[in-house]
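Both of the next two complexes hold chain A, though its partner changes from chain B to chain C.
Moving on, here comes the complex of A and B:
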């Protein structure tokens, strides 16, 4: 039974990695949000399975929190923002997508190598997935770097948070509940602030391209 | 080489030669049905081959001998490929001659020669087709290799028969690495067999054609051989896919009974695979040619992820 749960966690971890790459390759903002939602759902499933295996009730709570926040509330907020800003257009990338994907592979190899000695120290059932979580974090970083539009950068930030969360779950069976609640609140507030930021950006420059901010220095 | 081995090898090649056009006809039929068109007969590819073999073969004036030889090389390469893929039995005397890497090389050999032949005449269409074919080929090959390497990692061997034996005997478990490899393999085979998201096998529109542009100058028995080789390639790819991801039912033991059972199992698996292919072709739109590198980069990426996941998770 333990073996099957281990396999399930591995499967969810692989799906998470796949979704990270899908987000990296995605051109449309609308689909990007849907992918983010899927990533949240996968995270919920993975957290629940880890909770079942290790009999840690607080993991159910954090899964429920993730479901509420990252699968329902934040995607809904993001959908509303892009509808109001009318930015359903194609995402503008700084490097072309095949190159980004190849860079992503390099990052994944780096993360896997980095995580290997760490995961050997851990006794968790999901220790193998630490490398994937780390890779997800780096891929989200890459996404934030290669995108020039504010909305996709925000999604990159959120996806990074998802992967960090997964790293915590897989390495140490989750952070203390207080910390998790704090992070959840932080993310929510962050989204609200970034939403305001996007509207301001739009009002000031009539575009969501964050490269415009560099111009402020010249004035 | 045992007697039974020789028999099964012979049977595998004969089955490939006979079933390949049937598979083509099956896919065409289902595709027509799914697109609400009246379907051609299942035997249409055979009639086509029969017609072409009885026609005169016209060769351009400036053609070099290479142009005449290429159909035979391509046909031979594809037949050998079908011979070394374990379709019916893993007891294949030819199998030690070529492992998974050599198999990819065999496909590459056919591709190089057909591209050379296309450029040989010097028409613009041939050159255009050859360039596109090489573009797709050089992107698809590493992805295909990575898929095969993922399977090789699981079975610690690059020999196709060993891979199939190991995969057929594993206990039932979730292998994320094989799932990734499976998706990557599907994408590569669509590209390599000139199927819809990459190339439309039924079109002769100069803006989009790839495979048809290559063989535009061929006629008569040469064209028949190339068409037959194309269907053999589809057959070989389907069999590789089945062998890697659904290896159950391939005969292993030295028993004629298992061999007899393997044939209907193979036909059923191919029939289902053909329907899936027709479905994939129906629900996808053909993509722009400059999107193809992205498509194949994704396939490569999936295959590499599969391999990495295998290394990290052992699954």
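Moving on, here comes the complex of A and C:
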């Protein structure tokens, strides 16, 4: 039984990594949001499985919170924002997808090497997956660097948060409840502020392209 | 521990209250009153800690010890003086049409919330909640930076949000790793993230995990301290937001981020028994001092210039804590205090000057001394104080840092001297051009919007006092905190 659950968690972890790559390769903003939703759903599944194996009731709560926030509320908000801003069919044009993916592979190898000695010390059933969580964080980081649209950058930011949550479940049995609630609150408030921001940016610059916005000098 | 609950509760209540009435004309006075009440509560709290020693509150959720109690008082004090400064400042901004009633409400509410998150970050015993409070402080200040809704302020706020968001996410990963290491020793119960518990078992924490955890925590909190090369958000956020916000960012937020880093360093030193944390802090501290000093030379905007000066000073403190030992730690803590006081005083003076001149470009501000002697003197004295002129407190702390560096890390001394020299030349030249000579400023405002000089001179006075005479209880306090940090 334990073995099967272990396999399940590994499966979800690899799905998470796959989705990170899919996001990295995706040019369309609207599809990015769907991918982000799928990533959230995978996170919920993984957290629930760890909860079942370890009989830690607060993991169920954490899974429910993720479901509510990252599968339902935030994607809905993002869809609403891009509809109102009319950027639904926006496409990132200036990225070289193959090079980005190759860079992504290098990052994954780096993350695995970094996490290898540490994941063996973990007591969680999902210990093998710490490397994947770290890889996900780095891939989201790469996505934020390469994108020029504000919405894509925000999705990269949220995807990083997802991978961090996955790291918390895979390295430990999830953070203490009060911390998890606090993080969820921060994420929610953060996304609301970013939503307001996008409207202000649009009003001021007639564009949500960060390249048009960067005017302040680097000195 | 009612004093503690009051210290945290008053600003939280204030944020809600100001969300309701912040646009009214009396909201500025309420802001001062709330900050004064917070400061009073913090004083009572301090008095109790001084007489009764370190204490827990709310079943270990909060922990007050010599390291954080003086920062709590300092935070509440600067929060109060900034509120006093912002009272006439915001009235003038409203007259100029830059602050509309909805913006004033947002500003007042977020100002109180920001104070609340700072105090929470300082007093919490839970490393996870420390992270949550730091992130919440970022969120509150993002809204404050973009309050004018100009193109530049929106860009600054966006950069601030994304850079600090990413940075602080790394700190969360570090916190997860820290929890992972702690869980093996302390069990999976909630207590494994409490700093006091971690401190008790720090020698048993797994070195491999802690090494990686500190690397991530250092990147995360280091971004918020403004360490080079992750400092890009800092000058923009300082220059484009309202000046009271620049004052609290430099005076408080950077200090609290450094405080978080210090807590992590204590644990890392205990677990590793190697100078990894010290070396990282010395290296990046020195890099920040040097880089910021040379960037100071080419600044045209007065607020950007003093923002780079903040990077320089934060680097100097990080370096001092990296050197470690009782003297360097003492000097670092003293420098934290005086920098916070003097830098916010400078921003108060800069705020009044830029409001008077209608520009932040230094070449367009001339003859402050002629236009208003009080303003001119506060600018000049503030600049001299921050540049480390005796008898101000910055001189004492910089002198201690330099002499300790000469003894323990002699290789660093030439770099430090070079950076301090360059910074002196750059800032002094610009400030002296702004202060002396014939004036190009319009005549002063009306009586009811007279600038608040009291906070500036109160801060300068305290900075001066700390340079000449450190009261015995403060001295004992610094020593205890410095000893606690070890190194």
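Convention: the second predicted complex is superposed on the first by the 210 of 219 C-alpha atoms of A that agree within 3 Å, B and C clash if a C-alpha of one lies under 4 Å from a C-alpha of the other, contacts with A are read in each partner's own complex, and residues count from 1 in each chain.
By definition in this document, a residue touches a chain if its C-beta (ideal position, glycine included) is under 8 Å from a C-beta of that chain, and two chains touch if they have at least 3 such contacts.
None of these values were measured; they are calculated from a predicted model.
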{"item": "Partners on chain A (chain B, chain C) - clash or fit", "value": "fit"}
{"item": "Partner touching more residues of chain A, whether chain B or chain C", "value": "C"}
{"item": "First (chain B), second (chain C), both or neither touched by A:5", "value": "neither"}
{"item": "First (chain B), second (chain C), both or neither touched by A:98", "value": "first"}
{"item": "Which of chain B and chain C A:18 touches, first, second, both or neither", "value": "first"}
{"item": "Touching partner for A:182 - first (chain B), second (chain C), both, neither", "value": "second"}
{"item": "Touched partner set for A:110, first chain B, second chain C, both or neither", "value": "neither"}
{"item": "Partner chain(s) touched by A:199 [first = chain B, second = chain C, both, neither]", "value": "neither"}
{"item": "Angle at the Cα centre of chain A, taken between the Cα centres of chain B and chain C once the superposition is applied, in steps of 10 degrees", "value": "150"}
{"item": "Which superposed partner A:118 touches (first chain B, second chain C, both, neither)", "value": "second"}
{"item": "Which of chain B and chain C A:129 touches, first, second, both or neither", "value": "first"}
{"item": "Touching partner for A:190 - first (chain B), second (chain C), both, neither", "value": "second"}
{"item": "Nearest-approach distance, in Å, of chain C Cα atoms to those of chain B in the combined model", "value": "18"}
{"item": "Touch list for chain A against partner chain C, complex", "value": "56, 114, 117-118, 121-123, 134, 137, 141, 144, 150, 153, 157, 160-161, 164, 167-168, 171-173, 175-179, 182-183, 185-186, 189-190, 193-194, 197, 200-201, 204-205, 210, 213-216, 218-219"}
{"item": "Residues of chain A defined as touching chain B within the complex", "value": "3, 7-8, 10-11, 13-15, 17-18, 21, 25, 97-98, 101-102, 104-105, 108-109, 112, 115-116, 128-129, 131-132"}
{"item": "Chain B residues within the chain A interface of the complex", "value": "173-174, 176-177, 179-180, 293-294, 297-298, 301-302, 304-305, 308-309, 311-315"}
{"item": "Of all residues in chain C, those that touch chain A in their complex", "value": "126, 128-129, 131-132, 135-136, 139, 142-143, 146, 149-152, 154-159, 161-162, 165-166, 169, 172-173, 175-177, 179-180, 183-184, 188, 190, 192-193, 206, 208-209, 212, 232, 236, 240, 295, 298-299"}
